[in-house]
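Please read the structure below before turning to the comments.
A, B and C are the chain letters, set down in written order, and residue numbers restart from 1 in every chain.
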Amino acid sequence: MNGIEIENISKSYGATLALDALTFTVQPGERFGLLGPDGAGKSTLFKILTTLLIPDTGRASVAGWDVNKDFATIRRHIGYMPGRFSLYPDLSVAENLNFFATIFGTKVKANYELIRPIYEQIEPFSKRRAGALSGGMKQKLALCCALIHQPKVLFLDEPTTGVDAVSRDEFWVMLGELKKAGITILVSTPYMDEAARCERVALLQTGKILALDTPANVVNAFNQPLWAVRADNYYQLLLDLRQASFTERAEVFGEFIHLTTHTGTDRESIVAYAQSGGHGNIVVEPAKASIEDVFLALM
Amino acid sequence: MQSYLAFVRKEFYHILRDTRTLVILFGMPIAQVLIFGYAVTNEFRDAPVAVIDNARDELSRELVHELVSSGYFKLVDQPATADELDALFRAGEVKLGVFIPPDFESDFFRRKQTTLQFLADGSDPNYATTLLNYGSQIVGNFQQRHAGGPENYQVGVEMQLMYNPELISAYNFIPGVVAIILLLISAMMTSLTIAKEKEMGTMDLLLVSPLSPLTIILGKVTPYVLLSMSNALLILLLGYFVFDVPVLGSFWLLTGFCLLYVLTALSLGILISTKASSQQAAMMGSLFSLLMPSMLLSGFIFPITSMPWMLQKVSGVIPATYFIELLKGVMLKGLGMQYLWFPTLVLATMTVVLLSLSWFNFKIRTK
Amino acid sequence: MNVITATNLTKTFGNFTAVDAISFAVKRGEVFGFLGANGAGKTTAIKMLIGLSKPSGGSTTVAGFDLTTQSEKIKERIGYMSQKFSLYEDLSVRQNINFYGGVYGLSRKTIRSQTARILDEVELQANANDKVGSLPLGWKQRLSFAVASVHDPDIVFLDEPTGGVDPATRRQFWEMIYAAAAGGRTIFVTTHYMDEAEYCDRISIMVAGKIAALGTPGELKQQYQANSMGEVFLRLVR
């Protein structure tokens, strides 16, 4: 039983409610994503689950142990990668890894197999001080340090923040590999496009869950007509579309404007409306909702 | 045990790899000792002297001549009254005043005892002590020559320092520097290094590990205990070999007192770090609540007896006050435990209280 | 009309060439994305463009001034918003605007009118006297952008502007950028988040000191047969 159970957890800081009666379960061996912006309560939840913080109300268990009562046991069996780079910059790569192995009462050798695929990538730099590593390598080292004692549950708080796209991609591939070792992973990210890398996701906003399901199901639940629209004068088109009677919502979405319309609106009427506004090079296509569309609709 | 050792090793890496820390650890004590030490100048010539000669007899003239002919002093004035002498001091024209009592000669030969008064400008304390030392030495020679032996005739020299009655001298500053440096390393450096872990987020990782709080604290402080003790030794050696500051009492008792004080300082450091979440806060906390009061109010720089009542009370709760008392007792007076039990007891009580306070304040969780 | 013209812009540190003769132009009113992996030379290039670092070679003009000889003039014509917002958290919204107005030597009258305009633009009239530290992230972000434009610069440089905000707040920010661009201000965005790149009119991607790709997001996606800018980036960098 390596899952996580969260039942009615609330936590406030003064007048600010950081977590509002949160309830959900992470299955053993699952790669579960917490999606939400800064201030959604992701870090607070991580601190409660890693026994660093006591919730105001509710109970939670990690791998079957209660976060309040059995905190000492939990601390032996979890790996935690906090939001910021939290290793010793003045220690070398190898020294950091050895230190974390020793304080968990183990040896790097004993668990090398688990971290080998990751550590091999940074091994050429094992004598380099951690502070002098690139963002992506720091992140790999931090993951190695969090894994070195073979934890049952791994908590990764915004591991991909501040890391370039290549390293982010590699990181998610590594998390996929860990699945084989049966480690439960709870990972948080503010980047909506990373949702697809998780088996299930929870969309978190101001301490509440907006949606919780597999990424595919979350997106499929979006059942309004959605269009990708653009024209030469992008910004003016956005302002114009917001005035249209068929518009539910018009949001900038990169190159296109994502236009949510009332059911029954067809492509032609949108094109006609844009033409009447004097826009040129009008493109209107049906669009497939993304996690971000869902998030915007639920907020 | 394994993880404790790993922790201590890690701390040593931090210390040895940070030039700033190294400079504070080893540069500061040496710099402080040398600065204080060489502020004491021993060489001088023709120091301006004023003599109030109320005797005006043969012997008094001879004494004045003896002082002047030594080459160390130059007679600049012979004021009639003490007020005039005072004016000369204030104008800075005179550094030493000699007051010869009436009937100097007759008292010296008849009653075999008389008293000279030496006044020195204590605003430059090191200079002043040197003047007084030379002056009284000349008087000692003078009386020996006249009486054939110190047993028969005695001239007492009554010395008085104006403006700064208790002096900072080599004898005084070595214990003071030891107290300050130990505080700096044990309290400030410890609180800084714990605050640094909080700032970097590594404290969270340590707390989430199976390390017990005791191991974390012991691992943190062990290197600083070792460094503090070696620094104390370094300062004492510098004092002994460069400035002839003796250790008259037991060396082991001295070491014991240093250890006790290091413990007090460490518990203060841990206490500060339980309250401070950033290095900056820890730095400010230790500077203003520890270092400044210890420098100014422990009797290191200003004598406690001349402080206002309120500050004397404050001085009474500063650990350095008792530690300096202990050090002076052992080093300069050669006293043993039977005379020093009180400051020892105070320091020990402070340590126990502070240690338990910091223990209860050390959080196994974060905010 | 181009507000930035870089021709063979180069920066070397000893034997190491951080920026290797890059050439590009940015048009007035354009939202230009400047992308690159960590260590690709992106930061070095921007430091040169905002006049903090002297180019080792090439001829480049920013806002009509020469980068090598007139960098002080350039500073008057550009605004800069960093990731950390460069607002003083312990000063009020109004005090921050006044301060930056003063930094750019605006007259009292201009500062007063700019303050009114900015408060209106970011909808902070009711909070003008609140400390900036107490504002939500999204408001800080928009205020920071407005403050970077207080002296009506030709170009505003944005350094990873929207990390960590929710999708709605992020869109409010981009709309503000589009509005500024529609008004003729050039926006130069650096980021390593590819989904943010999709919001730019044109994008350049730096790899190992050189510009490896330059075009609209649509063009680049087509050229590299990718569904997203993220994929384009991965193809280029790997």
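Here is the rule we use: contacts are C-beta pairs under 8 Å (C-beta built on N, C-alpha and C of every residue); 3 or more make two chains touch, one makes a residue touch a chain.
Fair warning: this is a prediction, and the values are worked out from it, not measured in the lab.
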| item | value |
| --- | --- |
| Neighbouring chains shared between subunit A and subunit C, ordered by label | none |
| Relative to subunit A, chain with the most remote C-alpha centre | B |
| Distance between the centres, which are taken as Cα means, of subunit C and subunit A, whole angstrom | 27 |
| Intercentroid distance (Cα basis), subunit B paired with subunit A, Å | 59 |
| Per-residue overlap in subunit B, given as positions that touch at least 2 other chains | none |
| Residues within subunit C bordering two or more other chains | none |
| Touching residues on subunit A, where the partner in the complex is subunit B | 47, 50-54, 71-72, 75-76, 78, 80, 82-91, 95, 98-100, 102-105, 145 |
| Residues of subunit B defined as touching subunit A within the complex | 2-3, 6-7, 10, 13-14, 17-18, 200-202, 204-211, 364-367 |
| Residues of subunit C defined as touching subunit A within the complex | 37-39, 136-137, 163-169, 171, 174-175, 178-179, 181-182, 192-195, 198-199, 216-218, 228-230, 233-234, 237-238 |
| Subunit A - residues contacting subunit C, complex | 36-40, 134-136, 161-167, 169, 190-193, 205, 233-236, 238, 251-255, 292, 295-296, 299 |
